[in-house]
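Note that the chains are named A, B, C and D in the order they appear, and that numbering of residues resets to 1 at the start of each chain.
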Amino acid sequence: MDFNYSPRVQAMLRDLGDFFDAHITPNEARYRAEADKARAAGKPWTPNPVIEELKPLARERGFWNLFLPRSERAPEGLSNLEYAPLCEVMGRVPWAPEVFNCSAPDTGNMETLERYGTEEQKARWLDPLLDGRIRSAFLMTEPDVASSDATNIQCSIRRDGEDYVIDGHKWWSSGAGDPRCELFIVMGKTDPNADVHHQQSMILVPANAPGIRVIRPLTVFGYDEAPHGHMDIALEGVRVPASNLLLGEGRGFEIAQGRLGPGRIHHCMRLIGLAERALELMCARVRTRVAFGRPIGEYSVWHERIAESRCLIEQARLLTLKAAQAMDTVGNKVARREIAMIKVVAPKMAQQVVDWAIQAHGGAGVSEDFPLAQFYVAARSLRLADGPDEVHNTTIAKLELKRSAQADGDAGSRTARRPADKS
Amino acid sequence: MDFNYSPRVQAMLRDLGDFFDAHITPNEARYRAEADKARAAGKPWTPNPVIEELKPLARERGFWNLFLPRSERAPEGLSNLEYAPLCEVMGRVPWAPEVFNCSAPDTGNMETLERYGTEEQKARWLDPLLDGRIRSAFLMTEPDVASSDATNIQCSIRRDGEDYVIDGHKWWSSGAGDPRCELFIVMGKTDPNADVHHQQSMILVPANAPGIRVIRPLTVFGYDEAPHGHMDIALEGVRVPASNLLLGEGRGFEIAQGRLGPGRIHHCMRLIGLAERALELMCARVRTRVAFGRPIGEYSVWHERIAESRCLIEQARLLTLKAAQAMDTVGNKVARREIAMIKVVAPKMAQQVVDWAIQAHGGAGVSEDFPLAQFYVAARSLRLADGPDEVHNTTIAKLELKRSAQADGDAGSRTARRPADKS
Amino acid sequence: MDFNYSPRVQAMLRDLGDFFDAHITPNEARYRAEADKARAAGKPWTPNPVIEELKPLARERGFWNLFLPRSERAPEGLSNLEYAPLCEVMGRVPWAPEVFNCSAPDTGNMETLERYGTEEQKARWLDPLLDGRIRSAFLMTEPDVASSDATNIQCSIRRDGEDYVIDGHKWWSSGAGDPRCELFIVMGKTDPNADVHHQQSMILVPANAPGIRVIRPLTVFGYDEAPHGHMDIALEGVRVPASNLLLGEGRGFEIAQGRLGPGRIHHCMRLIGLAERALELMCARVRTRVAFGRPIGEYSVWHERIAESRCLIEQARLLTLKAAQAMDTVGNKVARREIAMIKVVAPKMAQQVVDWAIQAHGGAGVSEDFPLAQFYVAARSLRLADGPDEVHNTTIAKLELKRSAQADGDAGSRTARRPADKS
Amino acid sequence: MDFNYSPRVQAMLRDLGDFFDAHITPNEARYRAEADKARAAGKPWTPNPVIEELKPLARERGFWNLFLPRSERAPEGLSNLEYAPLCEVMGRVPWAPEVFNCSAPDTGNMETLERYGTEEQKARWLDPLLDGRIRSAFLMTEPDVASSDATNIQCSIRRDGEDYVIDGHKWWSSGAGDPRCELFIVMGKTDPNADVHHQQSMILVPANAPGIRVIRPLTVFGYDEAPHGHMDIALEGVRVPASNLLLGEGRGFEIAQGRLGPGRIHHCMRLIGLAERALELMCARVRTRVAFGRPIGEYSVWHERIAESRCLIEQARLLTLKAAQAMDTVGNKVARREIAMIKVVAPKMAQQVVDWAIQAHGGAGVSEDFPLAQFYVAARSLRLADGPDEVHNTTIAKLELKRSAQADGDAGSRTARRPADKS
């Protein structure tokens, strides 16, 4: 047992920190100015030039596709445990991960293609994604049903000769607002009569296929998050070649299980970086604002919040790292308990830390002068995205209850001390 | 002691409910469509026609200026206790209060003018405000200091001959985005060397006075809340006649004290209506969404949240009503403990209830398809606006500690049971 | 609507306060000394002489059986709304209610007899109880089943000729430790095959009936609460005349419903008094203890806790009073929502306030030098006694969900703003 | 970075688990029976024979003094990181640690003597302690002052010729109730005029020295925790040879700093074991109790609590282990942030988990039939003992604020995005 990062990771962290100091932090104001300019010009759905400028620099420094586990296409790939602290740093600035080609949902989509795609599928979609030339979206959630229960899915994928025909209504299709988005990975049902875990399939759909209609961008607490966006999309008689199916009919649930683990943990890593930054902002603010004769950082109510923030962040980080190691060593399926745990813990932690940071900033905290309101929205949304807290809690609880049932006898009666007298 | 509303209030509540059913609820979609249309046309800062259409109807039905306590200009005025449940109903729809000329910050500004204005000031500003012909803003908060401590205020109001000259930087000037806004009530310092509660003064400034520069609208999370808006405003050498001063030099703090009580409690009343609606939405959602074979409303985790919401709302309502009665009977100053209490309790309650409602709605909860994200932002912001929670908590605590000190002897030692033996 | 106590109640409150100052508070140390002496002598289950001395004084002053609603035996009885603030005061000292013959479970038992007893039953049991000459216990909870679900009850009440024969195992029979306890009201099943709400009956059993075996006193967090006590009791072939049955076979559930309302609300009233006293102790302590150069009451973390305590107490009190009025005006059955609410709110509130008070006292807070540890135990236990929080929360939630279902149409869809476009 | 225990620790964990299965768990009922018997005989302050029987078995198996870091007297000693999981297991049963000579406060006292004692002091006190022949107590806390602020200490240690004379009043002297307790380590002031961290000294005092008077055992929520006990002790003119002083005059604060780190972390390790067991009991209970037609473990409100318990425990364990490694590698002083963090986190976590476990057990949970009420008391008390939460939170916060101040520039302004326009 050892809580220190490996020398390799420590070195990468230093280098990545330098990259942030040199290229990310100094560009925050410009990123925002470019976004404002595009919006003022009526073109909010335009890729931000800052990203495209920085990508070659990041790639040159070796900070490219770090998320991708060791594999044919990533012989020098990192383990989840190694990637975690780097991903955390990237999470400090919401737009930074894309600079390193490490942004959601492309990372999950690339990992899905890498694991489950045919060579043909990889050549067409994975390579340009790994190159950062195109973007992608993942169409799973539907507006009319509780999508955390995969059996609720209504989107139909129907075989018709050499093709599949897709009809459905999806939303929260993140990244589909980006004009560079060329691929939709769509979850639907090929056989509603199969057993519950074999009704679903996943299929690759070109973003410009006939029958696809982007209805509108959704907002998240007032943000449209352009140019990335979260789209509301109708698929009406969309036809794609049968070879676009991933892995095989009825294997959609299996792919989702494999895919969501890494995606969830990456979100959590980024949230830890986000919470660290919120705590930094909180400390900086309370040190410098004066009320009733003293910096507010001298009031003990802020000591409580700063200390609890630090404790929450450290614990969430350790749990995330432990989950990462579990995924590396026993696989995503066995590590599902750890993944569920961190998926519940990290967003709630970040939501709390950011809320305090907002409170420390007064009105400035909810405004655009600080990134805190956006941070809050990111954390809050992740208590819903990729499965709401309730679903993960039930997963964790059922594993505990199963373990309890398996325990030799019944711990309750074993430890009860009620006198024999009484029964 | 009696927890029933008076017959008069019950009748008004029925009538107001009918008005909502007939005119407000059916117009929610149209209000939004008009706002979207204005924004799409590049004119978000345009008054929404729905409001102007409904105002005459409301006035005709007698639902006009209900907030205004009994006075010369409101001989039939309601008490705070009577107004509270009506204000609560208005709070169910964020734009509704203006239909009844009962929206912030105009209500506070009108009450300020009614109490402290000269006849000349009333004729020029109060009458058109009471008529709903113009709007107003209140410029107190400053970006560079913790404005909850009035001694921090930096804005200067300097006498120069027959005029005052104002220099300062204000923000969160709510309502200043509205083109009908013609009056700014500005808080500044006339004498920084006076004792701490007599440095400040308030002055009436026409919104179009030379030297006023609206820098930008602020956003609250991702909302700009057009056409109302929260403005960032520079006042540079703004000159107004000396007769525009309210009440007298050095009396700004006194006016603020008198003004903020009603304003705070009105916010709380509206938050209770907002929370009621969030709970209704929560219940409706969990009854109808199915996950893993059952409506989610059958899962006991939702029973907990619904029950706790109901308990929180009921308690906050009772506390608000009690504070309202205190204001009516012992005055805003003596009731400051009650006002501080409800100012802390209501926003926190609403934030929690709305958060659960959002969770019940999944992705839809954070989107614009339901009013919940906006509700959340309203509740969260009120933990900062009109004094952050920390300031009110200290007010409450100091009154408790004072009472404790005044108690005959020391309750601690009176009730200690340590044996005499030991000391 | 009026939040002021009636003149009659205000006068009684003043008198009761005087009685506390004169007779209760000065006797706290002696009560404890007598209890310690009895325990040291190996006789903890002896009535405390302080109680018996004070009872005549209380009775003489008219503070006797105040809990009993207006009825034949209590023509001057108080309403629940009138009794509430008096009961609150009694709750400040755990042993005080008995001085006024207002202590649980006798109050509930007396009310049950008054409502449902025959004249013969009243003459034998109710009159000496009202006189304070005997004590009683209520035997409902069973160790082997979740007793909040009345259908789980296993105790059998079997008709045998002119008698009933009772076999069962009960625990948490509070007050059964007192040597003056002469009556057990026992809940059992007369017909396990009847519909779920008509299987149960209640029967009056003399505490010394053959077949009754008190197994042991239970402890509550280390306290045996002698001489009152919470007993673990076996009933083995206990035989009583058929005339001891209350109201009729199969009516036990109905009686329980009628009985538990007042019992629950009295507990809550007392908890509010207990919480008030905990807050007083907290304030007194933090004003006078110095750490790191200042009284700890000057640290803002204590401002937060004091303020939140005050807000929690005030709100719980108002909710209790409102529930009391509902019971007075619409009856216990219709008021079950209000009763369930206060039953959840008050213990949780008291638990939190007392926990902070303990923290303020350091080690002294968990010791016997202050009543806080005992207060904590009282509050915590009431989250289990008379129905655990979970059961009451489900009651409240189901009423909300029912109201939601009854609402004209579906609030969810009525207020949804999703564009027609999308479905 | 690696989250797996070393092979050596894994093997020891297996062996210790076997020892628990063979000797500790089967003796829980007997331990309690012996304690009850002693109490019934009027001799509660008698060592429990179960402990003495098991000690030789534990020692034979090598489970003896495991807490002691590698040193002259413990050449095979474990690191804190290695000891942590073993200590956690011991914490599952409150009386178990003593079987392994690993119970507080003896562990802290032994470590203090090992580090700071002279050879003569070690020969007289440390060797018999390491042998388990005698017990010891630590007299720091005083009833009349906030003892978390060491400058408040009032106990005087005055040089008088070849002796020191000690006068003071101490309480919460844990373990001083045990008749085998022969040593008191006493903290007092040798020079009240020295600078704040050099006023205090520590001195070794035989438990039977003239002038020592044990006033009474304190209770913790009704428990006297005999035969261990928490004593209230007067020291009146107690005279000991000058050679009994530890390390030197004015070095008491320094010793306390060195001593409290390990003591605090051991408490936390044990609390994690205690919380694990509470969770096991909770799961076993909810699986087997039925209410309203289903085991309560099928209600989602219990899923939430079980899942949150699991998440809280895992995180607290990881934080504890990280703190242990920090103590091993950078020393107790540099690791004070980590120690403060875990000291705040672990008791709060255990308090919450145990509270839910109690709720799952209904009335049984607060009774002596399960260890949960005792567990609760242990967790709650540790939020006060060895420094209240508030003090540790301030320690953590000040380190964060210091780091913030040292950061290059001000993160607040660096990341602020307010347009240059406005200032």
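Heads up, the rule we're going with is that a contact is a pair of C-beta atoms (placed from the backbone, for glycine too) under 8 Å apart; a residue touches a chain by one contact, two chains touch by 3 or more.
Quick caveat, the model's predicted, so the values are computed rather than measured.
S.K.: From subunit A, which chain is the farthest off, judged by mean CA positions?
M.R.: C
S.K.: Name the chain pair with more contacting C-beta pairs, choosing from C-D and A-C.
M.R.: Ranking C-D and A-C by C-beta contacts puts C-D first.
S.K.: Determine the centre-to-centre distance between subunit A and subunit D, using the mean Cα coordinates as centres, and give it in whole Å.
M.R.: 40
S.K.: Could you please state the distance in Å, as a whole number, between where the Cα atoms of subunit C are centred and where those of subunit D are centred?
M.R.: Centres of subunit C and subunit D (C-alpha means) sit 37 Å apart.
S.K.: So what's the Cα centroid distance for subunit A and subunit C, whole Å?
M.R.: Here subunit A and subunit C have centroids separated by 50 Å.
S.K.: Going by the contact rule already set, what residues in subunit D reach two or more other chains?
M.R.: Subunit D, residues with two or more chain partners: 143, 299-304, 364, 368, 390, 418.
S.K.: Going by the contact rule at the top, pick out the subunit C residues touching subunit A in the complex.
M.R.: Residues of subunit C touching subunit A: 143-144, 169, 215-216, 232, 234, 299-304, 418-419, 421-423.
S.K.: Inside the complex, what are the residues of subunit A that reach subunit D?
M.R.: Spelled out, the residues of subunit A in touch with subunit D are 1-6, 9, 25, 28-29, 32, 81, 277, 279-281, 283-288, 297, 300, 302-304, 306-308, 310-311, 314-316, 318-319, 321-322, 325-326, 340-341, 344-345, 364, 368-371, 390, 392-398, 400-401, 403-405, 407, 410-418.
S.K.: Could you please specify the touching residues of subunit D with respect to subunit C in the complex?
M.R.: 141, 143, 145-149, 152, 171-172, 218-223, 289-292, 296, 299, 301, 358-359, 362-368, 373-374, 376-377, 380-381, 383-385, 388-391
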